[in-house]
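First the structure, which I've put down as structure tokens, then a few questions once you've had a look.
Chain lettering (A, B and C) follows the sequence in which the chains are written, and residue indices restart at 1 in each chain.
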Amino acid sequence: MEYFLQQTINGITLGAVYGLIAIGYTMVYGIVGMINFAHGEIYMIGAFIAVIAFTLLGMMGVTWVPAAVLIVLVTAMLFTAAYGWAVERIAYRPLRGSFRLAPLISAIGMSIFLQNYVQLLQGARVKSIQPIVTGAIPLIETGHFQVAVTYIQILIVTLTIALMISFSLLITRTRFGRAQRACEQDQTMAALLGIDVDRTISMTFMIGAILAAVAGVMVTLYYGVVDFFIGFQAGIKAFAAAVLGGIGSLPGAMLGGFLIGLVEAYWSAYFSIEYKDIATFSILILVLIFRPSGLLGRPDVEKV
Amino acid sequence: MNGVLLDVANLTMRFGGLTAIDDLSFSAQAGHITAIIGPNGAGKTTVFNCITGFYKPTLGRIALARDSATFDLAQMSGHKIASAAHVARTFQNIRLFPRMTVLENLIVAQHNKLMCASGYTIAGLFGLPSYRKAERNAVAKARGWLERIGLVDRADDEAGTLHYGAQRKLEIARALCTDPVLLCLDEPAAGLNARESAELNRLLLDIRATDGVSLLLIEHDMNVVMGISDHIVVLDYGKRIANGTPDAVRADPAVIRAYLGEPDAVESA
Amino acid sequence: MSRVTTSRGANHMAVAALKDAGLAGFVALMLAVPLVGFRTIEVGSGLGLQTRFDWVAYCVIAVIAGRLILNFWPPHWRIRRRAKAPHVSNAQHRTTMKLVALGGIGFAVALPFLPFADRYVIDLAITILIYVMLGWGLNIVVGLAGLLDLGYVAFYAVGAYSFALGSRYWGLNFWEALPMAGALAAMLGVLLGFPVLRLRGDYLAIVTLGFGEMIRLLIINLQSFTGGPNGVSGIPRPSFFGFPFAREAEAGGPMPFHELFGLDYSTQHRFIFLYFIILALALITNAFTQRIRRMPIGRAWEALREDEIACKALGINPTNTKLTAFTIGAMFGGFAGAFFATRQGFISPESFNFLESAFILAIVVLGGMGSQIGIVIATILLVALPEVGREFAEFRMLLFGAAMIAIMVWRPYGLLSRRSPTIQLGSGA
């Protein structure tokens, strides 16, 4: 029982990270109808920027943890957003109206490019940093087993929920959100009504990148290790989360993220850690086959 | 060639909360040209999509009687409707295979027949004479259609390079290459000029007369509808509001109301 | 950052162009500062930073200059995106292609006997041919049927492992294992394809990608059966239809190849033989593809790529049609895998990761989806160039990622995009 509780806490933390990345997939899919394959790489870049920023702050002697975390978050969000913008501008925008597979292939190219770009610039070795946020609150203590929730886990989950709420408000309450939803429905009509479609799409990519950057910072804090290849696996899992929740749905992405995180945690705990990725991929495939619209998505009516 | 070919009974199609078609019943006679008309958004294309299997109707029956067999189209998948029940269709926004040639478009339409002749590819790979003969026949049939629509000299050009009117005609010819008993045309005259639409009228009448294919068409161009239809079904908000010969429909007050709007004085119901 | 087209004088244009270049420079600065400007280095137990602000400056200057050149480039010099190819009739095009193909095959057959063909050259040629074959196999799936398969390497792996394990557990030789490798890969193709081929194109891409990873993870984890991450070694080399490539005959075994033909023993014989096997396999793949394109099924693949809805309306069963393409593509992947295993003598899961799938896809995309000769050219470019310049090899993946984007932007139908019709009115009637 204690073990189960601990795994639940771990799973929710992991799920929050997947959920943050999944939102980027879902929003981009909603507006341009394509899978942004390079999104996992954007998350990886966010994590690298976090590592660099933490190291820089450490060298500059900023030691008060809340300030350091805040500065790093803002830096990572800012610079990663620039990557989100550039990816859309270079690899996707010129392809609107091209043939069906073109943006997908271009996105794969972008993903490979970014991976190798980071590898060449930062080296292929795993980067590890000292733990920054330490400490935990013990919840239950039995003789041999302690259930604890660490401060970093609390930070990840609360920050994720706060971001989730603020972005939901952004989409439902603001002018940008209205434009965003309009573009999802019908880009031509939105353009005729004076919405700057290009700008709205760019903004969507930047928001996705910002959330991925937050996920990157959190993972850096949580595990303390980053390498150029982490985007690939995290990308697929977050995509699985987006599909499970129903692609195009923001709450769905979050829900899917938590579910995938929990499945992974329980699977590693009770079955075998080696097969946890296979379990996630199987969920992805099964959901796509049996319920392609996901848990909270709208069914997709084929336009004839 | 007489009697009811297509019988639509109590057809209802809902998308979430929206009822696109509401308890619609009508029938089309064999050897007739039946037109479905109605204002924009009346549900005409949805009816087509139900008949040709692209949507699964929420309720209702769509029966097609061919030879002595009856097919319930509402229960069949899209490709089966074309291959087994022999119902062909065209699309409102033309759907050719643009990077394939005009001739290839017409050959692909004869896929199922050629597939059998090629022994599911295995015999074809070895170039058996029976397959080669079947392919020659397919080309001859395609050539016949190209002659009728006047596109023989464009046979080896990519379909996407044809001009709009020629693409419309090619799409009709391609649908006919599947040997249909019923051809459903979704706004075949859309975007055609007066001369082209007169040509289309002649082509459609000719198809009915020489090939014995019954036609079901959605059309906005009243010259086409009134000129060639034997029977007209009028839809508004997913319901049938009139049904009859062109003359009867033209005079029907309900139709005039649907098209021109409610007059100030409420007419007696 | 649209093109500067205003009639209010050159001055105005220049200002807009400068502004645009300035903006591009700013973005470049934002991109370059964190990742180019700082490099993490290991210092003792922790991390340190190295700064490279000079690199940042070069990047920004290069982007601004590039943007300025683009903006002031005379409009009629610009590459037209969908420029019409000079008109060449189908017949002419076909003759040229035939000549190129015959020349290529002639050269390929003669290669091992040319004076410069040492072991290194033959080895490189074998590598190229493996990728040509994989490219041709994947081309059936991606180029003809328009299905984006990102897990192609799974079938390659299944082919390789079915020979490696077949020889380990049942003592199969290469020629016995080859059909089995193809059959197993094809079976796996059916198993995966049947449920997932109904999915829309981009979902299919993700599912096949996940599937490719699953196969790799299974190979790693089923350690007792597959050897796990350590791989399988000691995979037998092919014999010349029973006659081994060895200096001496084994006791009681058949005589070695060189004695059979009365030649002097040379280690090169085996390489030349391997070369001819893969050349034959690749040519069979090609001949099969060329022939099946002209079959009803091949035309249906291309029609599906063009418009699936129209295909349904013509009575073509989309799922079955896609399944055949997927399965046949998988089968050729399996053949290539068996060859890979015998050539390497050792295989491990690391040879079958996602990058390998992406690499094969890049070959198909770069070559022009559907173009057989284009794929050969693309393979030679992607495989041979890094061999020529060693320092270039480090940038190989970076460049091919960039090339995939560039091709999609400028020539979405690839380097050789001309499609030859499968039937012509003159030829059939």
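Everything that follows uses one rule, which is that a contact is a pair of C-beta atoms (placed from the backbone, for glycine too) under 8 Å apart; a residue touches a chain by one contact, two chains touch by 3 or more.
Fair warning: this is a prediction, and the values are worked out from it, not measured in the lab.
Sorting all chain pairs by how many C-beta pairs they have in contact places A-C at the top.
Distances from each chain's CA mean to the overall CA mean are smallest for chain C.
Distance from the centre of chain C peaks at B, each centre being the average of the chain's Cα atoms. Averaged Cα coordinates give chain A a centre that lies 47 Å from the centre of chain B. If each chain is reduced to the centroid of its CA atoms, chain B and chain C end up 42 Å from each other. Centre to centre, using the average C-alpha position, chain A and chain C are separated by 30 Å. The residues of chain B that reach two or more other chains are 54, 91, listed in rising order.
Counting partners per residue, chain A has 302, 304 as the residues that reach two or more other chains.
Each of residues 309 in chain C touches at least two other chains.
Across the interface of their complex, chain B is touched by residues 90, 288, 291-292, 295-297, 299-300, 302-303, 306-307, 309-318, 324, 419, 421-426, 428-429 of chain C.
Residues 1, 27, 30-31, 33-36, 38-42, 46-49, 142, 146, 148, 150, 195-196, 198-203, 205-207, 209-211, 213-214, 217-218, 220-221, 309, 354-355, 358, 361-362, 365, 394-395, 397-398, 400-405, 408-409, 412 of chain C touch chain A in their complex. Of all the residues in chain A, the ones that touch chain C in their complex are 34-35, 45, 48-49, 51-53, 55-56, 58-59, 75, 78-79, 82-83, 85-86, 89-91, 94-95, 98-106, 108-118, 120-123, 125, 127-130, 232, 236, 239-240, 243, 274-275, 277-278, 281-282, 284-285, 288-289, 292, 300, 302, 304. Residue ranges on chain B touching chain C, taken from their complex, read 52-54, 78-84, 88-89, 91, 95-101, 103-104, 107-109, 111-112, 114-115, 118, 120-121, 124-125, 135-136, 138-140, 143, 146, 152, 155-156, 174-175, 178.
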